[in-house]
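Heads up, there are several structures right after this.
Two complexes come next, and they have one chain in common, chain A, joined by chain B in the first and chain C in the second.
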Partner chain A sequence: MRCPGHEHVSRRALLKGTLATAAGGAVMNWGNLFQSRATAAEVERGQKRCILLWMNGGASQFETFDMKVGRPTGGLFREISTNVPGTRVCELMPTIAQNMDKLAVIRSMRTSQVDHPGGIHLMHTGYSEAAGIRFPEMGAVVAKYLGRDGSDLPNFIKIFPHGNTGSGFLGPMYQPFTLSPEGNLPTFSRSNLNPEIESRRSELRSFVEEQYARQHKAETARMHREAYEAARRLQNVQAVFHIDDEWEKYRDLYGDSAFGRRCLLARRLVEEGVPFVEVGQSSYDSHADNFVWHRGLLPPMERAWAGLLNDLEQRGLLEHTLVVWMGEIGRTPSINNRSGRDHYVRSWSTALAGGGVKGGLVYGESDEDGIDVKDNPVTEGDFFATIYQALGIDPAVEHYNGVRPIPIAPFGSKVVQDLLA
Partner chain B sequence: MLATGSDHAILSGGNLRPGPASQVVSRLVLCRMAPCRENYPEYARVNSVKPPRECLLLALLLVWLSPAGFARGEEGLRAEIDRHVEAAWKANKVTPAEPASDAEFLRRLYLDLLGTIPTHDEAVAFLDDSDAAKRQQLIDRLLDDPRFARHQAEVWDQVLFGRNPPGYGTDKREGFQAWLQNQFQQNTPYDQWVKAILVAEGNSVDDGAPLFFVQYKSQPEDATEAVTQKFLGVQLQCARCHDHPFESWKQLDFYGMAAFFARLQVVEVGKKNNLAMYAIGEKNRGEMLFTGPVTEQEVGQKGEPVKPKFLHGEPLEEPELPADFKEDRNFPNGKLPPKPRFSRKDQLAEWIARPDNPYFARAVANRVWAQFLGRGIVHPVDNLSDSNKPSHPELLDLLASAMVEYGFDLKRYIRELVSSRTYQLSGGGEVEAAMPSWFERARARPLTAEELLDSWRVAVGYEGMEQASGRRPSDDRYAPLGSGYLMQFFGAPSNGVGDFQGGLHEHLFLNNGGLSSLLSTAKGGLHDTLLNSESPWEQRVDRLFVSLLSRRPTAEEREKFVAYLTAEQDPQTRLNEAIWVLMTSSEFRFNH
Partner chain C sequence: MEINNPRHLWQLKFEGEWPTSVAFLGDRRRIAAGNRAGQIFVWELPETPPVPVKHENEEKEPAPPDCPPVRRLDGHANSVTHLVCAPDGKTLISSSLDRSVRLWDAEAVPTGTAEVVLDSQDRQRRARNKSGEEKDAILNAPGQTLETVECLHVLEGHRDWVSSLGMNRDGKRLISGDLSSNVIVWDLDGREAVFNWTGQAWNGIVAAALSPDGQTALVSEYCYKRDDFDIPAAALKLWNVADGSEKLDLLKLQFPKLDAGATSYGAAQVWRKFVANGLIAADFSPDGRLLAVGQGGETDIGQVHIFEVETGKLLRSVSGHRYGVCDVMFSADGRYVLSSGRDTQVRICQVSDGKEITVLGKERGGQFKDWLHAIDISPDQRYVAAADIAGMVHVWQLQS
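Coming up: the complex of A and B.
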């Protein structure tokens, strides 16, 4: 039957509590479990995290990982070799080419939604839209199963957000916290009160809450109190969003771009223990001038992506952090009369890197013109099941929407074991 | 036996030909539904024991026919409710909460009946009234308050449409909402207004009712799911793709019902005040096609026509059309479509809203019970089924027969519910469940976005501020916060199974300035009244508590607040903070 979220979290919190005690600090208040940063780092080292690099509009597989040089569908760009012998990628991605040993590329994606809204929904949730059901996004599922109870930062953060079903039927506890393309916080996230006033006001409020809790034990009121505390704690950690102090140092690694800044912010957030961060880039929807668009979008993206992987690796975080690269669709093999490529989902590419997956791997194959999958098709369900498995979350876990059981990866999805480390 | 053959051929695995994943997926894409485990034998559950459906129907029929079903004492339904609930406490060794205090009862009743808390003066009048019959008088008065109709219409609007209704044009539904409010104003019996929704005559702006079907334009399967779930309290969606694994619903039951909707068309018949007016037309021809279990469908498969058949009832008898009958393919836009020679939809409406329909009265009796008491006796309320047993079976029978006896008079039914001792229990106690299983204490229900807004407005004296300002009051229902913010932060406070969840975002909004338009120091409002009062602070704190929480403070609370408010020379800032504290408290957030 249904397993309420708070049970999971408290069990995890308990586990962490034991560890914290072993480290010498017996702390009863879960909200302030981690008194010192060192303890937190110690405990959270093994925690899995996920960064989703979202290529909005649908990047072309022919201009990235599945080139068809010399074929009519091949396009303008050349192939270059990579640090994995035999694997070649587009010349627009020289930095990624030198980091191919970290990537597991899937060249055989076959999905079911070919338009943007449908595809964005599908590739955020694993499900096609259905009347009367709001499916949770992958980030909400990860927040539920890998999120930290009583953390200062939200467990699901989107920078330049795409997709809008959020936590769906998992409920408001797992709603994404969304930042603008520049990394600015949403309205109402910052207190503009004088801290002294804020603090005395909060003290009076706690008094009122305690009076009520004495008589009323309903769990709903407890959750209401906890969420209030979370909103206050967010005020203490806003420095993590200000990347300027670090940007000078990392500008070269990530490349001087807006996407690079978003990726650096994502690294700072997972380092603080946020289990899911989505970073968006827009827009690959190149119905016209496909090659111009990709020449503009790919270089800053691939530089930042490679920078992120290396930065994570240097900090010892890459083995715990799964980095997913995808958009909602691929692009057509045929090139239209405006030098564009249209929407295509019969055969396209995505990539994984880091925690839980193998590096230096190409999985699946398309035919010689990239029209269809030749070998090992991967559906959206398989892709989601594989991601969840890599993160240590059972893809068959079910939630209920009304009386209907809905697993986090659709029934019938298969984990692609070959991709897993 | 009515049910014949193997109910679960699909689960035996024998009929399935699961191909490679890609094939299965591409087949499922044909079906608009998300893939479901029953399509995969490896995931299918072992069937649970299924009581014969006939027993259930017979039991219902007996209750309906038996005079014992109505044998209620002099005291009426309310006493019967208490007897059944108390018997269940005894049988399950449950200790009930204390009776609710006057203040608890007052706030709960206002929120449940009117969707808002009482004003300071209303609360004081009730609390200080020494008449022994004051609770009954209050119930009678609020049931006749115009806000009762408005609030109940908003409750049912959410049942019928929800926050994110499907269909184009269904998010703007003032016409429908006004019509529904009018039904509650007139106290039109429930069966009659439901029938009006299903018959759907006229247009969606002037007549309202037709907007319901606009949600399911060209989707007879969606209409089937919605109509059976909302009005009959049964969930057929599993039977859309396969025979239900542990209920008696067959796929053909689903398509038999869907055939009633197969001929409906949504027609745009004009515009009024920038709102499109929709009418529901019905063709003379057009069949529901049945293609068998989804996993066995082939690309391009056409399917066999299915005749309309009432759920677990008889097939519909239809007159033949003349052989030479001709009909235009589509109804033209811009004019009201003509009635068909024979309307399947009207036949269905007639059958659904009949008092002897085995589901209809039971479903609404259970749903309205849950509205006031927390859980349904069958919970969730839209899943009356063999495998989801009522917690108090006899009580549900009794409520369903009362609903019929009352001629579906919801107001009369609600009067009995809120007059019961069960409803008037305290919300305090040790039980942690938000909605206790045995109704041993009042439930803790989060206020809806509308209830929160209306209650905040009452609490801070927003109307008084508007009057004092001399400005024309805004006609925005969501002033001054706006529907955007309200829906974003308070529109959907629960998870997929209706449980409240605390959300970070709600508190960010409350803590960091979202309420500033209500926390005004303007003339005519609560802040201004308290600040400029000559009364001692003790009395002003009393007024603060009654205005916000409909109760007087405890001695401890009074002392704490007086100290807080008098700690500095100028109390203005601190007064603002104190009002904010009570506005955002758990005690305010829930109806308990």
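Coming up: the complex of A and C.
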């Protein structure tokens, strides 16, 4: 499949867009730069959405889903049983253990980039970095295919963002809108003017821009106008970002943590129709003191993750919302003399839940020490192809970087059908 | 304690899992050490160590002699975190990640025997360039047969990793803390909890100590739950054991104006510089007047803060272990504070002026060094033992 001609972003247009957005940091951050409509469509219940829980630095598979208790690589934690008979996970994840029937865990990830920048790029795009090509992040692809034109909310939102690949060759229209670790809107997103003055000012600006646009057909002017429109539309929905009122009610469900608050905000956003939200948690790069760091990071994370799944389920959203859990790398089987684990990509774990995937499933297997994949290896391409398929996006759809066709999941990627519902 | 030209006397093999803890049992010749697998071994060393033989053409000085252990104390199912020995010289107390505190009689009648291999790394090294039968013979050679002993009693009350342990001078009171922020003070005669309290939510107890009279407890808390740029929550407080009331908040005294929960980046750096990645080791001086607390976690240079107990005043920060402190102890005369760290060294500093008197051990190669995870001083104050994560227990004689 090829993308429709009118959506094909040429190299020239991309360069123009990049230049235009580079001219103003504020513009850089707005989603839907090319598309501007005054009103957002009503959210359709059946629309697919995706929440990516991003474990920055690389959470350890040995301390989460692929434990090797009793082996030299096993580490200090013990396993607990889950609500799926025969499946056991780390004792640090008791809440997730009771929600394993919602998860499809992949214990056989084998990816190609072992460092952080390369891994972050790879696991955000499905591709290794390549000279001359800016691949789009998964969120940009989802925004393109599942996003709503002219919506008040951006179609691709990152809360506590990691990685900066953005929309790549898909163009600025699908750039992520980024929020701080606390989920706060950027300061430039709020107007200090009173609404009446703001409205008059907007009308004047529109008038001037229209006059200018009649004489100048440059894309830059249109993008500038649309960025302002997007900003104005966002004023209508700022309440979505203010979670404090709801937080008291959901604190217990999500757990009292910054990550819990981010997950609650993610739920609110997908409920409002945002098709892709990434929620970051940092500090998993445990080259030193791996065990105490995971002891600190995992409990709030798993509580929030389980809370998110249950909240989505109770609202009837889980069947339409794919929740992806991953970082950019796994961690080494061996434990170094800093009590840490280093980077490892020969065999590690990720997990999916919700829309489009089976629950209560463990796919693939590592060997007894977790050194290599024993069964059913899943590459980054396979992983992305499976995610896109679960979201109803054809992973073979091609875009063009100049004249070069580039599928959204790399050539040769296989959809892991066993994971799909 | 007298220090004069210290000598590395023994290097006991304890390979396999990391040795994490060490304690002298009554005299300098009996040593117990625990590891990450939950094993505890007891060594009974001969009066005089054999003289190491230097072979011809060997450039390096030979390693100090080894001596096999005689007993294994069976019971823990996960890493031993600390060992302390009661003044009777035979009651050993251990804390563990298996959430228990166990009491052992090191002289108890053995309940069985076991064959153990404590030179697994050495075997791997020797077998590296061998093949076939020769390699198998090295790797599968018989191990050491020793007695096994079961534990005397399990002190139950913790529901998370027991991460800290301390005892008062007469050995009647014990304090233990876990990573769910629970602290328990135990009466060892009655083998029961006499007091417990909970620190801040999400914090773990990373160090706990009792004053010599058992009336004051020091508890150090630290929170590992954080994303980048969060300010770590920490607490360092003195408590009245009798009623559980707070006596002094030592961090508050250091930083009276600092709100650790909502502060500037600059202030956070001051805080971090003092707390490092947790104040993870603590000891009261024998007279109960001073307190030593070590900066742990992986940090730039880990120091030992010395406080005045009565006022909470910081007298000085001494020592300096590259990458952090692991353990801290006062000498029995209170003149010295000993610390071990992530630089494979034991540093002995004079309490009165902070001067470093001597250093035991050498930094190993590589960017990151092996840790000396724990130390103990023999009751006669003439020997120091250290648990080395590289799979050894070192014993130094302080006067040669």
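One rule holds for everything that comes next: the second predicted complex is superposed on the first by the 353 of 421 C-alpha atoms of A that agree within 3 Å, B and C clash if a C-alpha of one lies under 4 Å from a C-alpha of the other, contacts with A are read in each partner's own complex, and residues count from 1 in each chain.
The working rule: contacts are C-beta pairs under 8 Å (C-beta built on N, C-alpha and C of every residue); 3 or more make two chains touch, one makes a residue touch a chain.
Not measured: the values here are computed from a predicted model.
Colleague: Just checking: does A:Ser282 make contact with chain B only, chain C only, both, or neither of them? Give me first, second, both or neither.
Modeller: Touch partner of A:Ser282: chain C, not chain B.
Colleague: Between chain B and chain C, whom does A:Val208 touch in the aligned arrangement: first, second, both, or neither?
Modeller: first
Colleague: Which chain makes contact with more of the residues of chain A, chain B or else chain C?
Modeller: Of chain B and chain C, the partner in contact with more residues of chain A is B.
Colleague: Considering only the touch criterion stated at the top, classify A:Pro181 as touching first (chain B), second (chain C), both, or neither.
Modeller: Only chain C is touched by A:Pro181; chain B is not.
Colleague: Scan A:Ala130 for contacts with chain B and chain C and give back first, second, both or neither.
Modeller: A:Ala130: touches chain B, not chain C.
Colleague: State whether A:Leu297 touches chain B only (first), chain C only (second), both chains, or neither.
Modeller: Only chain C is touched by A:Leu297; chain B is not.
Colleague: Find the residues of chain A that appear in the contact set with chain B and again in the contact set with chain C.
Modeller: none
Colleague: Within their complex, state which residues of chain C touch chain A.
Modeller: Answer in residue numbers: 36, 78-79, 97, 161, 179, 201-202, 204, 223-230, 277, 297-298, 323, 342, 366, 368-371, 389-390.
Colleague: Report the residues of chain B in contact with chain A in the complex, numbered from low to high.
Modeller: Of all residues in chain B, those touching chain A are 20-22, 24-26, 28-29, 32-37, 39-40, 43, 162, 164, 166, 219, 222, 225-226, 235, 237-238, 380, 382-383, 388, 427-434, 444, 446, 492-497, 499-514, 554, 556-557, 560-561, 564, 573, 577-578, 580-582, 584-587, 589-590, 592.
Colleague: Applying the document's contact rule, which stretches of chain A touch chain B when the two form their complex?
Modeller: 2, 4-5, 110, 112, 127-128, 130-135, 154, 168-173, 175, 177, 186, 188-192, 197, 200-201, 204-205, 207-209, 211-213, 215-221, 223-228, 230-232, 234, 373, 377, 379, 381-382, 399-407, 410-414
Colleague: For the complex, give me every residue of chain A touching chain C.
Modeller: Those residues of chain A that touch chain C are 76, 78, 160, 181, 256-259, 281-283, 288-289, 292-293, 295-297, 299-300, 336-339.
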